[in-house]
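Before any comments, here is the structure.
Going in written order, the chains are labelled A, B and C, and every chain counts its residues from 1.
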Amino acid sequence: MLQPVLLELPFLLLLAPLLPLCFALVANDRIGQWLLPVAALPALVAAFVLPVGTSVALPWVLLGVQWGIDATGQLWLLVTALVWLLAGLYSVSGTPAGASWWRFRVFFMLTLSGNVLLVMAQDMGSFFLGFALMGLAAYGLIAQQASVTTRRAGRIYLIWTVLGEVLLFAGAVFTAGSIGSVYFSEVAGKELPLAAVVLVTLGLGIKVALPGLHVWLPIAHGAAPPAVSALLSGVMVKAGILGLVRFLPAGAASTVWVAEWLVWLGLVGAFYGVVFGLRQTAPKVILAYSTMSQLGVLTLLTGLVLQAPADAALAMALLLYVAHHAWVKGALFLGVGLFKQTLSWWLLGVLVALALVLVGVPLTSGALAKDSVKAALPADWQHLALGLWLSSLATTLLMGRFVWSLWRYRRQHEGASSHHTSPSPGLTQWLGWAILVEWVLWWPFLFVLPAFKWWDVVPILLGLGMVALALLPRIPAGDVPVLVAHAGYRGWHWVREWWRKHRRCLSA
Amino acid sequence: MNELLNVLTDALGENLPLWIVLSSFSVGLVIFFVQEGSHRLRTTLNLLAAVVKLLLVGVLIWGVYHGQVYEVRWVIAPNLELLLHADALSMLFVTLSALLWLVTTVYAIGYLEHSPHRSRFFGFFSLCVSATVGLALAGNLVTFVMFYEFLTLATYPLVAHKGSHEARKAARLYLAYTFTGGLLLLVAVVWLKSIAGPLTFVQGGILDSLPAETHSALRWIFLLMIVGLGVKAALVPLHGWLPKSMVAPAPVSALLHAVAVVKAGAFGIVRVVYDVYGVEFAAFLGVLVPLGVVAAFTIVYGSTLALFQDSLKKRLAYSTVSQVSYIILGTAILGPLATVGGIVHLVHQGIMKITLFFAAGNYAETLGIHRVSQMNGVGKRMPLTTLAFTLGALGMIGIPPMAGFISKWYLGLGALEAGVLLWVMPVLIASSLLNAAYFLPILYRAWFLPADPWPDEHIKAQRWETHGMLLWPPVITASLALLAGLLASAPFSPLEWAQLITAREYK
Amino acid sequence: MYEAASVVWVISLPLLGALLATVWRQHAATIGWVSSVLTAGCAIWLLWVVQHAGVQELALGGWEIGLGISLYADGLAAVMVLMSSLVVLGCSMYARQYFRTQRQHELFWPLWLLLATALNALFLAGDLFNVYVTLELLGISASALTALGAKRAALRAALRYLVVGLLGSMLYLMAITLLYAAYGTLNAVQIAEALQVNPLGWAALLLMLAGLALKMALFPLHFWLPPAHSNAPAPVSAALSALVVKAAFYLVVRLWFEVFAPLTTPLLANVLGALGAMAVLWGSWSALRAERLKLLAAYSSVAQLGYLVMFFPLLMVLEGEARQWLFGAMVLFALSHAFAKSALFLAAGILLRYAGHDRIRELSGTTQFLPLTTFVIALAGIALVGLPPSGAFLGKWYLLDAAFQTGQWWWVLVLVAGSLLATAYVFRLLGHAFGHLPAVKRPFVAATQEIPALALALMATFGLGLGAMSLWSWLAHTGTGAGL
């Protein structure tokens, strides 16, 4: 009896979350380090290979479990698995060796397993399992180094995570009890008590850093290693968005009530992150605030999706935005890690390019995502376009600040770094990052790119202008003419020096 | 296999419950007379009894599953009879006791390897389990009371075992509490019997046909019974003995907290509410809500006090105070889902808490660690033990896939069903948060902080991190706690069994 | 008449033994235990006879009823004889090793067997004068045995015991004189038939009750008991506490429920019950405060006798089956106490021997050195507290049950308080069994003495707790009318 059942199971679905768990047991460092990228492979393959609608039911597990891939889940799994795979590749040589190495790998695997599981979960039990596993195990990744800052960051992260999980648990119980089932497929079309919706939203709202519930996010990102920040910012926080979509019955009265709040909270979050991010100096913390701001946009979108269940364009926009942000932010964080190790100028250039992608300059995924969002805005929410427009401006400013902070970091560490700080990056670090950057630049071309519209570029240019103004050096009295004269003098001086040097070389 | 089991059931006949009780009782008596030095003989006897009991329980389950009725009656006085029988609820508790007894016996043998008075210890240890099994199999309140008192007697020497001034004081306190409780229970039972006649446990209760003028007396009796049982179940404010009795050796603490004493109280409350009063009738009398409030208060109070304990075992003790009340909370909420949550927690709390105590005992016995503040870096030195501890702790918080998650899930659903979510859910949330607040720092210390020198390392790490007989019991129980949660919906899981029981309790 | 012989033998065997032991001094011990064994056998036979052939009435020497020595054996009497014979047997086994010198044996055994004779004769006595004679015999032999303690305190206690015993007997004698003057007979059955409710009857009843209350040490007439019981040699203490006071109690039961049945009123019963309640509280409290083990045991006897009297007011109110059950429970309680207390005193004797003292505070080491003795104390303690499985538990169960049925809930409070105090004093003692000392190599230390004590203790707990059901059917064998 058991045999045919076993044969029918799509093993990839089981392998994707379970293989990392098995890998967690491997204590050997040399094998273990290569397992980091391998672990995410089944999930990635599953996202590509398995058709939408594949599912596997495990009625004996937990409260009756169903894992599967639906339209949302497929892209989500792709996004998730890719970031995990490349961050894993980056980590093969990117993590300090020593006693905590194995611990890092164990927690990496557990977090990965949880993340994959929650994406594939089609019931509340396994979603909550994945959510809790990911949330708790990520603590081990954040608090990896034993310093006072990481310890504090870890503690704050953990407190908020546990709070979120408990609230989500309460919400899940409430939801499951109200609809009489633990399967997400049963949620659609049902009406939930408002309290249930609020509990779920609050629980997941911590993960998506709703304003007020966001405390942990910048602190944790600041302390975590680059690969972990990439994962945290790129994929893990998005679990909150997925959860909202999964748990709440779109279009139901109570959901709509909360969803309107979500829209406004998202908008607030989008600017809140920028305002406070602009006053930060550490590059990773600025990126973290940018994540908060971008999550605000995602929350806003989620709020819209939850109000209009049948709107496929809106759902697609949300997915595109998730993918866009996950990959760009991942690449940015990994890039910062490399930059801090090498301090090289050309890396700074790539980071600037990535920042521009995030901002959404034409021909990038940012432009694609933003344009699809604008196109999908429902009729009665058209005024949000202005908000999004302003948010582009704000993001540009924040990215300017980010680039400035990198430059400042380089200046501070230039003298000291070559001697005693970080070792030069390993090959896999470069490889992982490079693939991600390639992918970020390339994937929008899979889609029909939006037509170039000046209106979309204006906020970017405006922002760049403001950044330029802010970054201008002191301007001497007499302004432009004096500056020109000064530059001319400097240029001539430089040419003369160059000539002297090379003449000597030539003559020798 | 089936034939063998059939032959066995026939051979043992209706008296099987009696044999199950006697299997440890008789061996306990024999062990008293085993010479202190004959380690091997005593160990053989212990393990033999535990295995035999487990097998007998297996046969019992088999028999009940195939519709055999087991009932042993013994009239001890006119109108007063001892009745042992096996129904679904008792099977749950018997299986738990028999299983955990085997594990605890192994653990205790390892734990007490070189300490004095082992024959005395194991003798009482066996008697204690006999009492537990007896009250699990009790078919009426009279029998239950007798085994309840017997349990008090059998555990007193275990608490006092170390013989230090502190241990004796704790044992005295334990006795003062539990004996007073037992006496009140006795009074209540006699009173109830004078009103309602023979108090046989019947699913769905036996009292709902009594005339209305007895109802006020029934409420008083309920109060007395809950006080009497609540002492063992450590309901606040009757819990004072529990943290103090932590002076006992680790296997005893494990047994007290997971299987025998607190469970006897909780099990008794379940019995009284469901099989004597009947949960619907109890709700009609209006006695469930106060019970629920007390349980809720206990849950929060226990967790809060646990936060402030530096002694590991004391922290676990307060955690027990809190966790056992989940069972009572589930009982006090009217509705099948809450019942499932309460009853299944009887098992889940048992296997999780016993894991934690085993691990705590391992720390103490291997490295001399008694306090939380000494646990820095212990995860590296004792990974398996600490892993078991971690699983137990996560279960206590209620994180899937551990067993505790399932309990809390059903309690929450039950509260929703009964329309009392408004005050139950905050309790569940607060307790989970508090549980996290007192368990996660321990895990943090154990796994993330660098190790300090151990206070007193008795057992060096060789092939395993500690003595094998100490190591495997927590690993096994932790696996059970994991499986009970992970495979909660599988056939024969505790959850399924609890659902079966519940289906029969609601008429 | 073949069956009736058993009635005679249970009295004459110990008497014969006493005579032989006096004559054949060097073999006193052997004669003593052999006759104890035989008496116990006869007691079982007697019970069998009563159960199968009904109540036995016997007029010795062929004198008609009302003049000669008449013996009367119904269920209750047979049960009491059996209890007494078994306790005497246990103590005899113990005493063989307990007394070390030949002189002690020579003094002990004749008196001891005389005590057994007196007890059995008292339980089987059919008329009130016979009762008086056996009561005197009992008092004298008991106080003489007490004096065997040979210490100054023991002698003083024995003397006081003797005087109190005589005083009690005198009161009793006055009562029967009154009765004889009024009705011209001392046969219990005849008096019960003829008794009228008048001041004379009242006076007789009160005098008898006073005398017997003194003998059974009912509060507040218990002052003599603790010194006497705690200073006697162990087997003697055991018999005094277990049997001698029970004999007085047995008489009270007989007189109250059979002879004086028309005269007794609930009020009087309640007075008795109240005295019993005070005995329970005061006795238990004093036991808790006692410094010495044997004193503790003695005060515990005061308390336990109080419980027995507390049954009276409830028995007065109940009717029918419930009354029979309660009556059986009272007897069961008495039996349980007899076995438990004798076991406790025997165990105390062992402790005293090994420790050289019986100060509770300092017993820690000795209790650990003597695990089996401690176990006996624990078993006896269970019976004294009334924990399951013991006869006392069942007794208390029915007492509670009756209190609830009749609505007299105040007895419940007394019982709860008494049980709590009893737990406290028992476990104050047992707490000392746990200490740091190394474990004993041998579980049996004083086997020949421990085993009789263990047997008695097991009888009190498991025996009477789980196997007492037949007691009620034995007790059902009473004569048609009131009989004594």
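Heads up, the rule we're going with is that a residue touches a chain if its C-beta (ideal position, glycine included) is under 8 Å from a C-beta of that chain, and two chains touch if they have at least 3 such contacts.
Computed from a prediction, not measured in an experiment: that's the story for all the values here.
J.: Which chain wins if you rank chains by how close their C-alpha centre is to the centre of all protein C-alpha atoms?
T.: If we average C-alpha coordinates per chain, B lands closest to the whole-structure average.
J.: Weigh B-C against A-B on C-beta contact pairs and write down the one with more.
T.: Result: the pair with more contacts is B-C.
J.: What's the farthest chain from subunit B if centres are computed as the mean of the Cα atoms?
T.: Farthest by centroid: A.
J.: Per the centroid of Cα atoms for each chain, what is the distance between subunit A and subunit C, given in Å?
T.: 88
J.: Would you kindly tell me how far, in whole Å, the mean C-alpha position of subunit C lies from that of subunit B?
T.: A distance of 43 Å separates the two centres.
J.: Nearest whole angstrom, what separates the Cα centre of subunit A from the Cα centre of subunit B?
T.: 46
J.: Looking at the complex, which residues from subunit B come into contact with subunit C?
T.: 32-33, 35-37, 74-80, 82, 116-120, 145-146, 149-150, 153, 156-157, 160-164, 167-168, 171-172, 175-176, 179-180, 183-184, 186-187, 190-191, 193-195
J.: Residues of subunit A touching subunit B in their complex?
T.: 59-64, 99, 103, 125, 128-129, 132, 136, 140, 143, 146, 158, 162-163, 165-167, 169-170, 173-174, 176-178
J.: Taking the complex as given, what residues does subunit B use to touch subunit A?
T.: Of all residues in subunit B, those touching subunit A are 337, 380, 394, 397-401, 405-406, 408-409, 412-413, 416-417, 421, 425, 428-429, 432-433, 436, 440, 447-450, 485-491, 493.
J.: Spell out the residues on subunit C that touch subunit B in their complex, using ranges where they run on.
T.: So the residues of subunit C touching subunit B come out as 321, 324-325, 328-329, 332, 371, 375, 382, 387-389, 393-394, 397-398, 400-401, 404-405, 412, 416, 419-420, 423-424, 427, 431, 433-443, 465-469, 472.
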